Structures are given as C-alpha cells and as structure tokens.
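Structures incoming, each one as structure tokens.
One chain, chain A, links the two complexes that follow: it is found with chain B in the first and with chain C in the second.
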Partner chain A sequence: MELTGEYRIAAPRQQVWEALNDAEVLQACIPGCQELEKTSDTEMLAKVTLKIGPVKATFGGEVELVNIDAPKSYTIQGEGKGGIAGFAKGSADVVLAEDGDDTILTYNASAEVGGKLAQLGNRLIQSTARKLAAAFFDNFHERLNQSTPEDA
Partner chain B sequence: MYPTKYHKPASISDAVALLAGNDEAMILGGGQTLLATMKQHLAAPSDLVDIRAIKGMSGISTSDTALTIGAATTHADVAASKEVKKLCPALADLASHIGDPAVRSQGTIGGSIANNDPAADYPAAMLALAATIVTNKREIAADDFFLGQFTTALEEDEIITAVKVNAATKAAYAKFAQPASLFAMVGVFVAKGAAGVRVAITGAGDDGVFRHAGLEAALTADWSDSAVNEVAISADGLMSDLHGSAEYRANLIRVMAKRAVAAT
Partner chain C sequence: MTTGIGNPVKRKEDRRFTTGRGRYTDDVRNDNQAYAAFVRSPHAHARVKSIDTKAALAMEGVIDVLNGKQLTGDGIGNLICGWAISSKDGSPMNMGAWSALATEKVRYVGDAVAVVIAETQALARIAAEAVEVDYETLPVAASLTAAMAKGAPQIHDNAPGNLIYDWGLGDEAAADAGLKAAKHVTTLDLTNNRLSPNPMEPRSAVASYDAAEEHYTLYTTSQNPHVARLVLSAFYNVAPEHKLRVIAPDVGGGFGSKIYIYPEEITCLWASMKTNRSVKWTSDRSEAFLTDMHGRDHVTTAQMGFDENGKITGFKVDTIANLGAYMSLFSSSVPTYLYAPLMSGQYDIQNIYCNVRAVYTNTVPVDAYRGAGRPEAAYLVERMMETAARELNMDPAELRRRNFVQSFPHQTPVLMAYDAGDFPKLLDMAQKSADVAGFPARKAEAAKRGKLRGLGYSTFIEACGLAPSKAAGSLGAGVGLWESAEVRVNPVGSIEVLTGSHSHGQGHETTFAQIVAERFDIPVENVSIVHGDTDKVQFGMGTYGSRSAPVGMSAVVKAMDKVEAKVKKIAAHALEASEDDLVIEGGAVKVKGTDKQMLWHEVGLAAYTAHNLPDGMEPGLKETAFFDPVNFSFPSGAFICEVEVDPDTGVTEIVQFVAADDFGTIINPMIVEGQVHGGVAQGIGQAMMEQVVYDDNGQLLTGSYMDYTMPRAADLPFYKVSHQVTPSPNNPLGVKGCGEAGAIGAPPAVINAITDAIGNNHLNMPATAHAVWQAIRAGKSAMAAE
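Let's look at the complex of A and B:
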C-alpha cells in the first residue's frame, strides 16, 4: 500500500529539517503518539495508540531515521507490536525542496499490518493508513506554519 | 481474559459521569460491533457503559411529518413500527434488512450511527433523509455528523439520544449485500422531500458514506430510473477489496440507484 502527498510549508528548508529531527515535534505530530523517547540521534522508542472505530490498540516500538541526506531528505521508519492485535510497520521517504522562501515537502509512505488487525480487511487498513499519514503531515505543516513569524 | 466493568446507568448524567475522565471506558449500545471486537481482543475497554436503560432512550414518537427515534431503539423495533411504516416506509424497510434477526433484535440505531461503519445501512438513510442527530449536548445535521469512516462529529463524552427524521415524499433504499456479513457492498438511499433530492451511498466509498452530486442533479431534473443511466459515476474514491473493485462498485451504484428509484 503506497501513500503519497505534497505540502508547501512557509519556512526555510533548514528549519523544516530541524523540526523533522526534533523528537518533541514528531511526538506532537504522530497521531495517537503518547511517548517518544530518543535513544540515539537517529533512534527513538515510541508508544502509539491507534483507534479505528471500535478497535483500540496500543503499539510499542522503534522509530528510526535512515538514508539521511541533511537537509534534503531522509526515511523515517517504524515498527511496532500491539500485543494480541498484531503488528504494524511503515516507512516514509521525505524529501524537502527549496522554493523561494518556502519549502516543498513530499512524502512517499508505505504501511503494512499483520495479525488480528489485518483481519479487519483491506478496506479499513488502507484508508486508515492514508488518513494517519495525512494527519501526520497536516499536523506538521500546521505546526511549522504557526511557529513561523509573519515577516520570516 | 481481561476484566471489564459493566455499568447500566439510569440517567444521562450518570452515564456521562462514568465516561468522564476515563478514556478506557466505552459506550455500549446494542453491542453488535463492540462485543464482537472485544471477543477478538481488538478492544479492551475497562468499563462498558450500557445506555439502553436510560429513560427516554428507546421508542418512537411522531408528529404529523416527523419521526423521533430513540437512540437505543433496535432495528427490529424500527422495522416493525407502524409509525415508521406510515411516515417513512423506506426507513422501516432498511431496518428490516440490516444483518440477521439476532443483529436486528439487539443492534440499535444510535449505535449504528455512532459507529459509522463504512458499510452500515443507517448512515445512508440519515444522510439522504437530512436527519438530525440529537445528543445530550446539541443537535447535529446529518451532513455535519458523518466525517469519514468510523469518524463522527461526536465528542468523547457525547451520547446520541435520538434521531429526528422528516417524512420524505419519495424515498427508497436498495442494497446489494455482501452475502457473508450482510453489510452493504453498495447501498443507495434516494429521497425526495423538503430538503430536495438527496442520494446517499454506503459500502462503496473509500471513506464511508457520501452523497452523490451527479445522481442528485439528474434525479432533481427527472425522478426516473432512466435518468440514472445518463449520470457519470466515477470509480475515483471508491473502495477496492477482495469482494469487488472500485469499478465494480461504481457500476453497482448505478444499478442500486435505479432499483431504489424504481421502487418509489
């Protein structure tokens, strides 16, 4: 399952890049993220609660930043186990391009689930993954646009 | 096994108090989705707040042109109701075809709407009939209520108490059921009334129930099944799964829309 999107962010690329590497920003933007703890410069431990209709599962797992080409691109990948509910893993290639004073962020994400969660069927998983990916980048976009002074 | 506490409050305020500050608590309606999910261990609420015993939650009342259906009214009761059959027979017909008899005798209209399963029948009726969803806090128009699959405008401690439905001049629901689950592969509810012509589709959309502007325009101009033939029905935004592709569902929308119009 492939998910893509593009955002224009009214902030310089360096600032967007720093935010993408800031555990606090990531925690605030990942939907349902309760904890995100940095264990090294590129590795984090995360706890994320996923809610799809009546289903509620909390995933514990690792998030890692790889393929780092600062300040242009990286891949953020994570894998978590949700106990009896199953497992989820996903990754997103994020690319930042400069466009005047703005930054164009594009992402190409993929997600996979297994275990009982997968029995929910493709119809739920695919549209939920798409929504979650969009929610993350929406939150990120909103947060950065807010934190940018008007005259920046 | 995991423990869960069962509560049966007698009033809305007691129910709200049980839900307050406890995000592991869940509201229990008829339990036709929630209990199955719990059996699968895909949900493990610490507390279940059964709202069916709250006074005024069940039953159907009417005025000359409108129905008020309590949130805890079962599908079987809606299907059998003389008032519903008289004022909005399409709704009684829809209720009579939800799931199987066990589901209909336990499942509730409020539960179905609050869950907003992308293949559930009631959301299509609420949207097409321009119903009003009444909660313990406010009244929400159906257009503002359904926000994508399994997502509604309801807040965490907000409880649906009733739905209000205006009688339509013409209305019908046609469903192509998935034979195993009896959920809609595609369900089309057509209605013509004070709110104009409205066509709502369930089961097909990638993000839950939606209205179809093309069908609404065509049926506003000419309420006939032949008018449906001229409408372009795009497969964009429709669901593909092991039961059928988006293109297949797009075709089913046309077929079900024609059947629904022909039935009015």
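Let's look at the complex of A and C:
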C-alpha cells in the first residue's frame, strides 16, 4: 500500500526538523502512541494501539531513522508486532522544503500488513492509514504552533 | 411399502437437527476439559528463530504451552499425502516434511507453531497472543506464477523449483497427430478458481487420554473416522489403533474439507497425553478461512481438434495445479487420477493427452472439494465444446450429439470404462425442460428491455463410487476403497445397520434404512443406522466422492443377502418348508401359497433363543460384509443455464437453471433433489461469486464473509430438476451417486450462458459483475480491432 501527502507547516525548516527528531513530540503526535523511547540517536522503541476495522491491537516495535540528510530529509521505518492481530511494517520518506517562513513537508509512505489485519481489515487499511497520517500531521502542526508562542 | 426404495421418505435425522438436538463435536464436554488455542504464523514464509512462552505460561489458568520440537521429540510423525504420484520420468513426487507444529520454518499464513492449553477457551486464546515468536521472514511465492518463476523462493528443500510432480496421462503422440489432422482446432486458456470450503460447522476436536488404560478417545469433525484412526496410528504414531477410538458424531457438512487429518487433531491428542487433560479445540470462522484445505486452483491451456463433421480428433491439456504449502492427505490424486481420466467427458474421443504439473506455493494446502478434480475436468471439457461450437458456427447441442458415446460399456483412452448411460436422451430431456426452442423469442424480448440473454450447456460425466481397490492401488492409492457393513437383526426384530459410510448432511440415517425396509418389508422406524464410531463399526473408508450409495449401500446389501439366507434357513426349519418356497413380505416370512408364516420378530427371537435352529447352525442373526466395487460408477448430467446480463453494469441474473441427471437407481428422490440443489448452488457460487485471494506476500485477503462471497438464496434461481435412470450394472442396487453432480456440472453451464450472452468467450470464474462488465468491454474492443 502506498500513501503520499503534502503539508504546509507554519514554522521554519530547522524547527520542523528538530521536532521530527524529538521522541517526545513524536509520541504526542502519533495517534494511539503509548510509549516512544529513544534507544540511540536514530532508533526508538514504540508501543502503539490501533484499531483497523474489527481488529484492535497494540503493536510493539522498533522505529529507525535512516538516510538522514539534516535538515532536509530522512526515511523513517518501523516494524510492529500486534500479537494475534498480525504485524505491520512500513517506511516513509519525509522531505522538508523551505517556502518563505513556512516549511513544506512531503511524505511518500509504503506499508505492509499481515495476519488478522490483512485477513479482516484489508479493505479498511488504506482509509485508516490516510486518517492516521492526517491525524499525525494535524497534531504535529498544532504542537509546533504551541511551542512557538512568539509566532502567535 | 411406502418407505422402501424410490420413496421420498422424510429425513429421520432432521427432527434432532431442526430442534437443536444434534450432537456435534463442540458439544462434547468432559469432566477435566481444557482448551487449546494455536499460535499461528502471520507470515507466509519465515524461519522460526525462537518461541518465548514465558509470559503465556505465567498467566493463571494456563496449563501448558507446547511447541513443534517437543512434538517431534515425542516421536509424533509428519503429516503425509496418502496417494503416491510419480512424474513422467518415473521419479516419485516431492513430498515436503509437514510437522503438525512447525519446527524450523512456517510456509503459509496460519501455519501453527505452538499450542496453548488453558482452563477456558478465552484464556487459551489470550495466552496464545502472549506467546512471542521471533520470525526471520523469507521471500514469498504466493501464486503459481511466483512459485514457478526463475529463482523463486524454495518452499521445500526437496522440491526444486517448487515442483511436486510433472505427470501425464494418455498418448501424447496420438493427441498431437489428432490435432494435426484436425480441420479446426479450438484453444482456450482457463483458470479454475480457488475456493474455500465453508461447511456450516467449523472443524473441532476433543481429545482425551486415559492414563490408566493408555488409551485415547478423539471426537472429531471427520467424514471418515476409521481412516483418521488408521492414519493417526500408522503414520503419526499418536497411538496404536487398538488404543485409539475415533468418534465423528453429528458433523455439519464437509464437502471434502473434513476428509483429511489436520495438524489440530494430532496436536490435541498429543497434548491430552502431555497435560493429562481432555483437550478441546474448535475453529472459529477466521481460523477456518486460514486453515481449512482449499479446493480447485488450476491454470490450464487446452486444444481440441475437430474434423469437417464436427467429430473430435484430438484433445491435449496442460494443467498447473496449486497444492499450497504442504501435500494434504489426498491432494496429489485430485488433479491427476480424479481429473485427467474424465477428459473424455460424454464423448467418444480417441486421442487424449493430459499433462499436469503440481506446484507448492506459500498458501494453505489444497485438496478435494465437492467434486474434486471432476469439476475441473467438466469445466474444461464443456467450455471447450461450447467455444468450439461457436467457432464452428454449430449449435452447441448438435456438436455434442455428434460426439456422444452411444454404447456401453465404453472404454476411453484415459483409463475409464463407462458403465451405463443414455446421453442423447438425457440432453433431449434437458432441452425440453428448458424450452430451448423458445429461447430465440426470449432473447429478442430481453433485448427489447436492454438485456443480453444467453444460454449455456453442460453435458458432463463424473466418476463416483470410489473405488476398485486393486485399480486404486495400482495407481498409487495408499488405502483400499471398499466399504463394510454389519446388519444386526435384534431378538425383537428391529435392525441396526453399522456402516463405514459417514453421514454429514447426506441423510444416510434415512436412505440406508430405506434399503433395509425394502428388503425385509419392515417400517424404516424399525431400522437404525450406526456410523461414525470406530468402537462400534468394524471398519470403513468413509464418505466422499459420492461413494456412500454405490459402495457403502452395496456392502449393506451384501450383508442383507447373508441375513436373508440365514432367516430363510431358520424359518424353513421351523415351518418345515423348503427355503425356495419362502418369501419375506408384510413383516413375515411366508410359505408361498399357504397360510403358514413366521412373523419377522419371531425369526429374530428364534435366532437368539436357539431352541429350534437347524442342526449345526450358530445362534444369533447378524452378518458382516465388505464390498469392493469392480468399477467406478458414472453419473451423467445435462444442465442448461439461461442468464440475463445488464450490459451497462455486468450484473448477471440466472433466469433459468435446468438439471437433468442420471444417477441410476434413486433411493430417495427428495434427498437426491436436495443434493442437486446444494451442489448446483455451490457450482453457481464458484462460477459467479467465490474466489480465495492471497496478496503477493501470501496474506489471505478473503478471510471473512465480508470479502469471500457465498451464494445466498436471493442469488439463486428455482431449479428445474429431472431424472433419467440407467442403472449401474456394477453394484446390486444400480445406484451411481448424486452428491457432487451439481457442483461438477453447474460452473460450465453458467459460464457458457454468460459468454453466449456477451459474445466473448474469454471470461474466467468468478464471473462477478465487474468481470462480466470488463469482458463485455474487451469483447467490443476486440471486435473493433478486427
């Protein structure tokens, strides 16, 4: 499954980049994220609860940042196991471009699911993934605005 | 007598089924009941690196968590395929190892790696989720194309290129010469879509180990409990046969999927010994989609040649069969000996060659499903005939008539010797019933409403009554395919028939009683049929391949012959008459032309009191017989389907469906009609709705009824069912078997009707509205290009 999107964020690129590398920010923004713990500069352990169609599960897994070209782009990739619900793995190429004072974030994501998730939820995965991505960037946007009160 | 052969006796078993009193495996509850839940792979192909059971074992109420290394360590054998097929070069089939719980590798999504035994079913499932399995994923070959590609992932080390066998039947040179000599050659590429069996009752097993007796009891959803005991004992080393009782109580449908011995039964038996608890497992519907053996899944290219008179000159078939990740119990025989020998159809074809390659993929195993091989053959042959007729500008019925076998027995070039039939007359009956003469007017009327109306035929043959043991053995079968029966006349005259056939929807408790009622002229209520328990019934090969009537009932008839002989001896002695003067009628043994008689129950009582038996006669009145058929039986059918297609949407409605069948003697016409209805419904399901889909990663996308479409009442027409009777000469009742005909004959009739309506022969099953719509568009653009 492929997913692409573009967001305009009212914050300078460096600030967006830092937020994208901040485990605390990511945890607050990822829908259903219960834990996100940095194990190195580029690796994190995550626990995320998701509901896709009739399947609700908590996924535990590792998230890694690769292809880092600060502050312009990275690839975030991860794999989560949801027990009997199956597994999900995916990656997203994230690119940040400056546009005046704003930053244009584009992403190109691919995901793969298996087990019960695929068996029962496959029709709903695309729409759910789109919704989750939208929720993440809405949260992210809001969070950045909060942390830059001088812009308000 | 109104309950004997040929009467529509109401099913004796339906009272309990329709009032919720059926007793199924999941209804069994033992005192020390524990429950099993399987830990299944979410990956289609992966190495099992480690299994961490700590968290699961720590849960309160979890009794044990067991894995494949323990299972094989205890000497439990691998699952096997019981029919040995050799490749053309003489090499044996490449059977890969299959442990009930995977040890090194998982090969399909749903492959079990461990089992949790817990106090409740819910707890077992929760604990199964807590078992951490570390997988190293491997590249996946989920389709035939992927599995046969160069450099494809190797699923079993001993099957290079994932090829299980490359087998052939017939004379290739003769078929080539026949095609070369032909005036016209019809070529078709077809797929036979993969199906999920979906019996109403999911699979279940309750295994108990009695440590005092070192004895196991297994309740299981099986079509053949004795075969299950034999295989569990002889190949899987679970227990010796005399220490294992297998009971298949009421079973809610099988369609083939409950013939096989699955990993779950083996694991439950072994786990009951390991934990000293009775262990129950019942599949839920999701598990059934993932783990019940699938059916069909062929890709075929075929050529059929015709001379200037429309006579077939040669037929050449090249089929690739997907057997999934492992070789299930009878999987190898389905695309070979249950398929290629049917390539002659109802036609006199002298030159036939059929090549079949069987291939492993990372999907659930594929085995027999209602019809098993014969639907695939009928679909191919009947689509070839219809397509050829269109290419030759001939009436498809006329092309068939020119090629029909006219006299019997008829030896085909592909092993089979057809027993009896009258194909032209059967087609006459179907055409009359379908009012084929009125079709052009109906088509014109439909056109006024903007609908495309089409008519399609299927005149098919099947081989039922599996099977002559010697012939089956010479073709690689690991078992004999006879059947056994015991007929017990009790001292009060009531009769118990113990049969190795198993009823899981077929109505044996009624039809088997009818043949006894007919023979001894007593009410069916006085006859009970005992089946499904290895401790009660001497032995049996079970029910599949429409064999219960031709083989199972024949054994009962043989046993009744012996009973009758003894009854006559007892009565002749008591009545001081000659055996030759005795007749059994009206509930008594009578001396012809006199008023001397012994009532039926008096004979029974005499046999057991033994006060007045002929000198030297053993007391008692029960006889056993084994019947081994001398040939298959060959039911034939002529189906005609009429459809209306909406050209704008592709939505197709079956507006008429005619099924004219020749099942030989009919025991109970109501039950036979029910079998035809059910079979045709499944055939229409395959033709228009059902399709198992795996994605490229081997994930099952049709894992629920949201995505796997079963036919419903509103999708199906009212059927016009009729019968012709040409008795089979190869069994005492002249029966041929009726359980699979509908599923075998219906798919080609439906697709031939739709392709007729839309004017494009290239349409694969399932013909969903989308597929039909695309075929209409493709047909139009092909015409535009010409």
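Heads up, the rule we're going with is that the second predicted complex is superposed on the first by the 146 of 152 C-alpha atoms of A that agree within 3 Å, B and C clash if a C-alpha of one lies under 4 Å from a C-alpha of the other, contacts with A are read in each partner's own complex, and residues count from 1 in each chain.
By definition in this document, a residue touches a chain if its C-beta (ideal position, glycine included) is under 8 Å from a C-beta of that chain, and two chains touch if they have at least 3 such contacts.
Note that this is a predicted model, so its numbers are computed, not measured.
**Student:** If you stack the two complexes on chain A, which partner ends up touching A:116: first (chain B), second (chain C), both, or neither?
**Tutor:** both
**Student:** Would you sort A:127 into first (chain B), second (chain C), both or neither based on which partner it touches?
**Tutor:** Once the two structures are laid over each other on A, A:127 reaches chain B alone.
**Student:** Taking the superposition on A as described, I'd like to know which of chain B and chain C A:84 touches: first, second, both or neither.
**Tutor:** A:84: touches chain B and chain C.
**Student:** Have a look and say if chain B or chain C is in touch with more residues of chain A.
**Tutor:** If we count touched residues of chain A for both partners, the winner is B.
**Student:** On the A-aligned overlay, A:52 touches which partner chain: chain B = first, chain C = second, or both, or neither?
**Tutor:** First partner only.
**Student:** Between chain B and chain C, which residues of chain A are contacted by each of them?
**Tutor:** Touching chain B in the first complex and chain C in the second, residues 84, 116, 119-120, 122-123 of chain A appear in both lists.
**Student:** Touching chain A in the complex: which residues of chain C?
**Tutor:** Checking each residue of chain C against chain A gives 40, 42-44, 109, 125, 128-130, 286, 289-290, 695, 697, 699-701, 703-704, 706-707.
**Student:** Note which residues of chain A are touching chain C in the complex, please.
**Tutor:** Residue positions touching the partner: 83-84, 86-87, 112-116, 118-120, 122-123.
**Student:** Looking at the complex, which residues from chain B come into contact with chain A?
**Tutor:** For this pair, the touching residues of chain B are 26, 33-34, 37, 40-45, 115-119, 148-150, 206-207, 239-242.
**Student:** Can you name the residues of chain A that touch chain B in the complex?
**Tutor:** Per the touch definition, chain A meets chain B at residues 52-57, 84-85, 116-117, 119-124, 126-127, 131.
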